[in-house]
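Should a chain be cited, it is by its letter among A, B, C and D, assigned in written order, with residues numbered from 1 in that chain.
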Amino acid sequence: MTCTLGEVKQRADFIVYWGGNPAECHPRHFTKYTIMQKSKFLPRGRKDRTMVLVDIRETKSAKAADIFMQVKPGKDFELITILRALIKHQHVGDDQIAETGVTREMLDDLVQRMKSCKFGCFFFGMGLSMTRGKHMNSAALLTLAAEMNAFTKFVAMPMRGHGNVTGADVIMRWQTGYPFGITFNRGYPRYNPGEFSTVDVLVRGDCDAAFIIGADPGATMPQPAIDHLKRIPTICLDPHITHTSKLARVHITTAAQGISAPGTAYRMDELPLPLKPALKSPYPTDEDVVRRINKAISEKPFWLPEGSQPQMITAQV
Amino acid sequence: MTLQIIDNATCTFCGCVCDDIQLHHDEVRIHEAKKACVLGTAWFLNHTAEKKYPDALIDGKEATVEEAIQTAATLLHEADMPLVYGMSNTTCEAQKECVAMADQLGGLLDSHTSL
Amino acid sequence: MLRITGGKIYDPANGIDGHVRDICINDRGKIVDSVDGGRTINASGMIIFPGGVDVHTHVAGGAMNFARAMTPEDHRRTQAFIRTQSRRSGLGGMAPTTFATGYLYAGMGFTTVNEAAVPVLSARHTHEELADIPIVDKATLTLMANNEIMLDQMEAGEYERAKNVVAWYIWAAKSYGVKAVNPGGVAAWKWGSDAKQMTDSIDGYNSLTPGKIVTMLATICDDLGLPHPMHLHCNNLGAPGNISTTLDTLKHLEGHRAHIAHSQYHAYGGDDWDTMCSATAQLAEYFNTHPNITTDAGAVLFGDTVTITADGPWQHLLYKLTGRKWGNLDVENETGCGIVPYTYRPSNLVNAVQWASGLELMLLIKNPWQVFLSTDHPNGGCFWRYPEIIQLLMCADFRNECIAKLPDKIKGRITLPEIDREYTLYEVATSMSAGPARALGLTQKGNLGVGCDADIVIYEEEDDVARMFSHPRYVIKAGEVVIEDGEIRETPEGREFLVKPSYAPETDEFMRPRFEDCYTMSFENYPVEIERIENPNMQECINANED
Amino acid sequence: MTINLHLKQAPSVPLEAEVLSPNVMAELSNSEIRALVVYHGKRQVPLEEFFDVDGERSYELIIHGELNKVRLIGRAMSRGTVTVHGSVGMHLGALMTGGRIEVHGDASDWIGAEMKNGFIHVHGNAGGQIGAAYRGALAGMKNGTIIVDGSAGLEVGMRMRRGTIILGGPAKDFTGLQMKGGTIILQSGAEIRTGAWMNRGTIISMKPLQMMPTFAYASDFNPTFTNVYAKQLKPHGIDLPFAGSDGTYQRFAGDLSVPGKGEILVWQPA
C-alpha cells in the first residue's frame, strides 16, 4: 500500500508522520510534497489537510502538526497494534492504552479521523524502524494501512534517510529478486536478513573480505563489526577519507554523486531522477571504478569450477 | 565573477531527492544552491572540485587508481566469502555494478536498508 | 551467417504451412535469399516457427518490482539460473528477476515482448529494468486512460489538445503506444471507489464517462497513426456479468482499430459469484463479426501466481476474497496498481469458469489473426507456462480430461465441453507469433520472409506438445543461436521499439504549468532521455486515415 | 554402527553442510562420505577437508567439535539421529520431516524452521526464529517437538502452525509472533510482545509475562490438557504444573488486533 509523493500532494487529506522529524531531517517534505501544497482536490492546501505527528518527544515537527501524540519510548508497536484492534471495534482496556502514553479519547478521535478521511497516508521514520522491534514496527504500520483500506483509501511509506538507498533496494529487487541481505555463494541469489545482513555478518565474523561503497560503517556500526572490518581485507570507495578508509587495505577516492558524478538516484517513493553534476571531479566515478574492478576480476579464473553445479537450497523438500 | 548556473539539479542528500535546485558554481565550488534546504545547501557547498585527497591508498600509502583497482580485484577474488556493502551515497549506475560484482564473486550483497 | 536446412516451416505471415524450405540469415541478423559460408543447422524432421511475440505481459517496472519484493517464499522454491563466467544469475517463478525473464522467454522460443502497462512516471525505471532483460526485443505501452491532464482536456472538449497531450506523453515515456486501463475507474479508485459502467460519471468530473474516454482515446490513437492501436483493459474486470460492460465498451469502438487486453477477464455472465458463468460465446461472436478488433486471451492456468494490474479496485476485491497479503501502489495523477498472491484452483467454481473462458475465447474466435496467446502474465498464470495452453488448444482429448476434473456444478456454466476444435501448428504459429506481431504493427517480427528479423525457433517434432513447445531445440535471435539443446548459449542485449508521434510544438509550454501543478518532480526532469534507452529502434507512425 | 565426524579445523567463514544428515549418509561408504561436497563460503570442498570421518552406512551420526559456523545440519532429514557434542550454527534441522537431533551445546537461529515433524533437543542456549517460517512464507513448523534447555532469541515459533516448542531459559521479544497453532511452553518467561498478532495456538508461561495490550484477561483455570502435556513432557525432564493445589493458570485471549483466537496461560503458584 504505497504511492508516489505526488499522490499525497494531490489527494492526501490526512497525513500521519510516525517516528520521524521531517522539519529537521527532510526539511522540504512538508512544503514540497505534503501538508503545505494546494491541489485541484484540496484547493485550500494546509486548511484542507489534517496532520498528526506521533513521536517519543516533541520535536520541531510538532509545531506543524494539528495533533501531536507523544508515545512512550518503545511502545510504538503496542500503540499501532491497539489501533488495529480499535478499527475493528475490539475492546482494549484503559490501562492497556495508558501504558503507551496516550488516552482513549485521543485514540478514539484518531480512529474516527482515519476512517472519515478521503485519503490517508502514514510516513514512518527511523524513530519507528530503527527502535526495538525494528522491521516489525514498520510491518505493523503497513498492516494498519492495509486494513484501513476496508474503510477508505490509505497508504504507508517509509521516510528513507540517506541519499540513494532506495535505488539500491529497487535495483537489487529487479536483478536478484530480493531487496537486501543476499548471498550468491551457491551461484544464485538467496535471502535471509539476520543471516546475510551486514551487521550480523560482521559481528559473527562471517566474511573474509569486504567491499564498502557509499557508506561509512567504520563510523556507524557496533565495535565488534568494525573490529572485523579491521581484521579482513577491506576495500573502500568514497569521495572523502572516511573512518572506513582509515581501517581499509585499499581506499579509492571517487567523485561525489550529483555534485561531480552523473547518473540516476531514486526518490523515497521509488521514482528515479536524473543527476545533474555541476562540477568536474579530478577523481573517477564510482561507476567507473567498480566496473574496472569487475573487469579485473573477470580476467581471473572463475570461482565456480567448469561444469560444477552448486546444490540449490530450495524451500520444498 | 560570473557564475555558471545549472537548473533543476537533483539533491541526493536525503531521500526526498529534490530535483528543482538551482546551482551557481565556478567550476571549482558551488556558491549557491537555490531552493535547497539547509541540509541540501550544506551538502552542495561542502563538496568542491579540488583535489583534497590522494587518488588511492593501499595499506595507507598513496597509490594510483589502477594499482588500487588491481589490488582490490585480487583481494576480492581470493576471498571465500566476500561482502559487498553500502550503496547509499552512490548512483544507480554504480549500484548496478556492485550487484554485478557480488554476483560475479559469489559473495554477500547488502545495503544500508538492513541496518 | 547461418543457414537452416530441411525444416518444416510454419510462417503464417507468408501463408507457408509446413513446407520444407531453407532459411538463410546474414550477419546483420536479417533473413535473406542466400548466404555463402557460415554455420548450417540441419533441421530435417524439425518444425520451424517465427520467434514468439507476447502482445501483453508485465515484466518490468514499479509494480512488478513490488511483486518481487512481496514473494520471497516463491523465489526460494523456483527455478534458479546459476551464474556462469559470462551469464548473470537469476530467479524464475511468479515474478522473475530481469535476467531470468529474458532466459525464460527465450527458452520457450519467444523473442519479442510487449510490456503492457507503464505509468509515465515509472517509465524511466521500467526502461532501466528492460535494459536488464537480455535476448528479447521489447516494446512498452504508456498508461493513459486515467491521466488527469488528458482527462481535463477531454472534459473540456478540447480534442486537439488531448491528442497533443497523448503524443507528448508517448514520447516523454519513450514508449510504443497507449494502454488504457479501466478508463475513469482508476482515477475514481484513488478515492476508494470505482467506475463500472460506460455511462457512469466519474468522481471529480461533470460530463466525462468511461465511454467517452474510450472513444476519444481510440480516435486519438488512430489519428496519431500509432502502429499499435489503443490497447484497452476494459472496465469492470473480473466481475460476474461484466460481459454487458465489455460489449458496451466495444460498441464505443465501432469504426476504430483496437486491441482488447486479456478478454477472458471480461467475458462473464451471471449476477454474482454464485451464478457466475462464461459468456464467451457472445464476446466471440462480436469478434467474429468485427475484424477491426484484436484481443489476447488472458487465459488462466491452475496453480500459484501473483496478480498485479493497474486495476486497483479489482485487486482490493481479490484481497478481500482471499485474505492474502496485499500491496497497492498508486502513481501520481496517472494510474495505480495492486498486487495479490493468488492460487487458481480447479475445485473453485469461479476459477474453473475463468480457466474454461480463456480457452473458449481462443477456440470460439474463428480467426487466429484476431486472438493471441497470453495469460496476462503474471495475472492468469506465468508466461513460462504458455506451452500448457498450447497443449490444451491442440489436443481436445487432453482438454476433455482436464474438464472432467472440474466440479460437477460447472455444467451449464461453460461451453468448453461442446467445442471440438483443435489448433493446427499453423494456427498456433499465428496466435503466438504472426498475429501478435501484426497487431503490434511490427512488420519485421513474426515473419520469416526475406528482409525480416531472423528470430526463429526450431522444435524437434514430438507427440507431447507441451514438452515440444517448452523445449525448443534451437532459438535464434537476430541471427544468433541463443538456445541450443536446452542450454543458454548467448545472452545478447535486445532492442526497444519506440514511436514519436507528432504533436504541436507549443505542447511543452501547455504542459509545463499543468504539470507543475500536479506533479512533484521538475518538468525538465520528467521525459525519459533517449540516451537511456538501450538500443532504441524507431518505428514509423502510419497514416491510418488513408485506409 | 554409527558414523562419527570430528571437526578438524574451524571454518573461517560459514560452512554450509546440509549433507550432515542421515538421509544423505545412510547408504554411503566411508570414502563416499568423505567426498561429499560442503560449501566453505562459496568454495565447494570435500567434507574430509573439515571433518575426520569414522564409520559408514548408518542412520546414526555423531558429530564432535565447535560447529557454530557449520550451518544446515540435519536439514530436511526424515529419519535417524544426529547427535552433536559441541555447538552448532544456523538452520539446524530446518524442514526436517522426522528423526531426532540432540545437541550437547549451544545452537543458533532458525532451529527447526518450517519443520514438518521430528524431535530436536538443544541442551544449551539457542538463537531466534526457532520453528519459524522463513521470510514471506505463510507457515512455520507444522509438527514435531523442539526443546531448548537454555535461552532463546527473537521470534520463537513465528507463524508456527502445529507442534510444540519448550524453552527452559528466557526468550527474547516476539515469542509466538503471528502464531497459527501449536504450543509454546516458556519455563522462564520471555521479554516483551509475547504472542503478538497470534491467530490461534497456546503459549504457556511458568513466569509472569508483560502482556501485549491487545490481550484480554479471560479467567483463572486449570485446563485438563495441561495434565496431558505434563505427562508427555515428564520423560524429557520437564515438570509442567497442573494440579489445582499447586496453583492456577491465568488465561489471556488475543491478539485482538487480528482479531485472533489464541491464548496465553500464565502460571500463578498457589
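Assume a contact is a pair of C-beta atoms (placed from the backbone, for glycine too) under 8 Å apart; a residue touches a chain by one contact, two chains touch by 3 or more.
In this text the structure is predicted, and so the values were computed from the model without any measurement.
Note on interfaces B-D and A-D: more C-beta pairs are in contact across A-D. Ranked by how close its C-alpha mean sits to the mean of all protein C-alpha atoms, the top chain is A.
With each centre defined as the average position of its C-alpha atoms, the distance from subunit B to subunit D rounds to 44 Å. If you average the CA atoms of subunit A and of subunit C, the two centres end up 33 Å from each other. As a whole-number value, the distance joining the C-alpha centres of subunit B and subunit C reads 39 Å. Multi-chain contact residues of subunit D (touching two or more other chains) are listed as 12-14, 41-43, 134-135, 137. Contact with two or more other chains is made by residues 72-73, 76, 83, 88-89, 128, 132, 521, 525 of subunit C. Within subunit A, residues 32-33, 175-176, 179, 184-187, 189, 191, 193, 206-208, 264, 266-267, 271-274, 298, 303-304, 310, 313, 315 each touch two or more of the remaining chains. Because contacts link each chain to all the remaining chains, their graph is best described as complete. Taken in their complex, subunit C has these residues touching subunit B: 83, 88-89, 128, 132, 521-522, 524-525.
Subunit D meets subunit A in the complex at residues 12-14, 16, 18, 37, 39, 41-44, 69, 72, 76, 90, 95, 97, 109-110, 114, 128-129, 134-135, 137, 173-174, 177, 193, 196-197, 212-214, 216, 255-259. Subunit A contributes residues 25-29, 32-33, 130, 159-169, 171-172, 175-176, 179-187, 189, 193, 196-199, 201-202, 206-215, 217, 220, 232-233, 235, 237, 239-241, 245, 248-253, 256-268, 271-276, 278-287, 289-294, 296-298, 300, 303-304 to its touches with subunit B in the complex. Subunit C makes touch with subunit A in their complex at residues 60, 62, 64-66, 68-69, 72-73, 75-77, 80-85, 88-91, 93, 95-99, 121-122, 124-125, 128-129, 132, 148, 189-192, 204, 316, 320, 325-333, 336, 517-521, 525, 529. On the subunit D side of its complex with subunit B, the touching residues are 12-14, 40-43.
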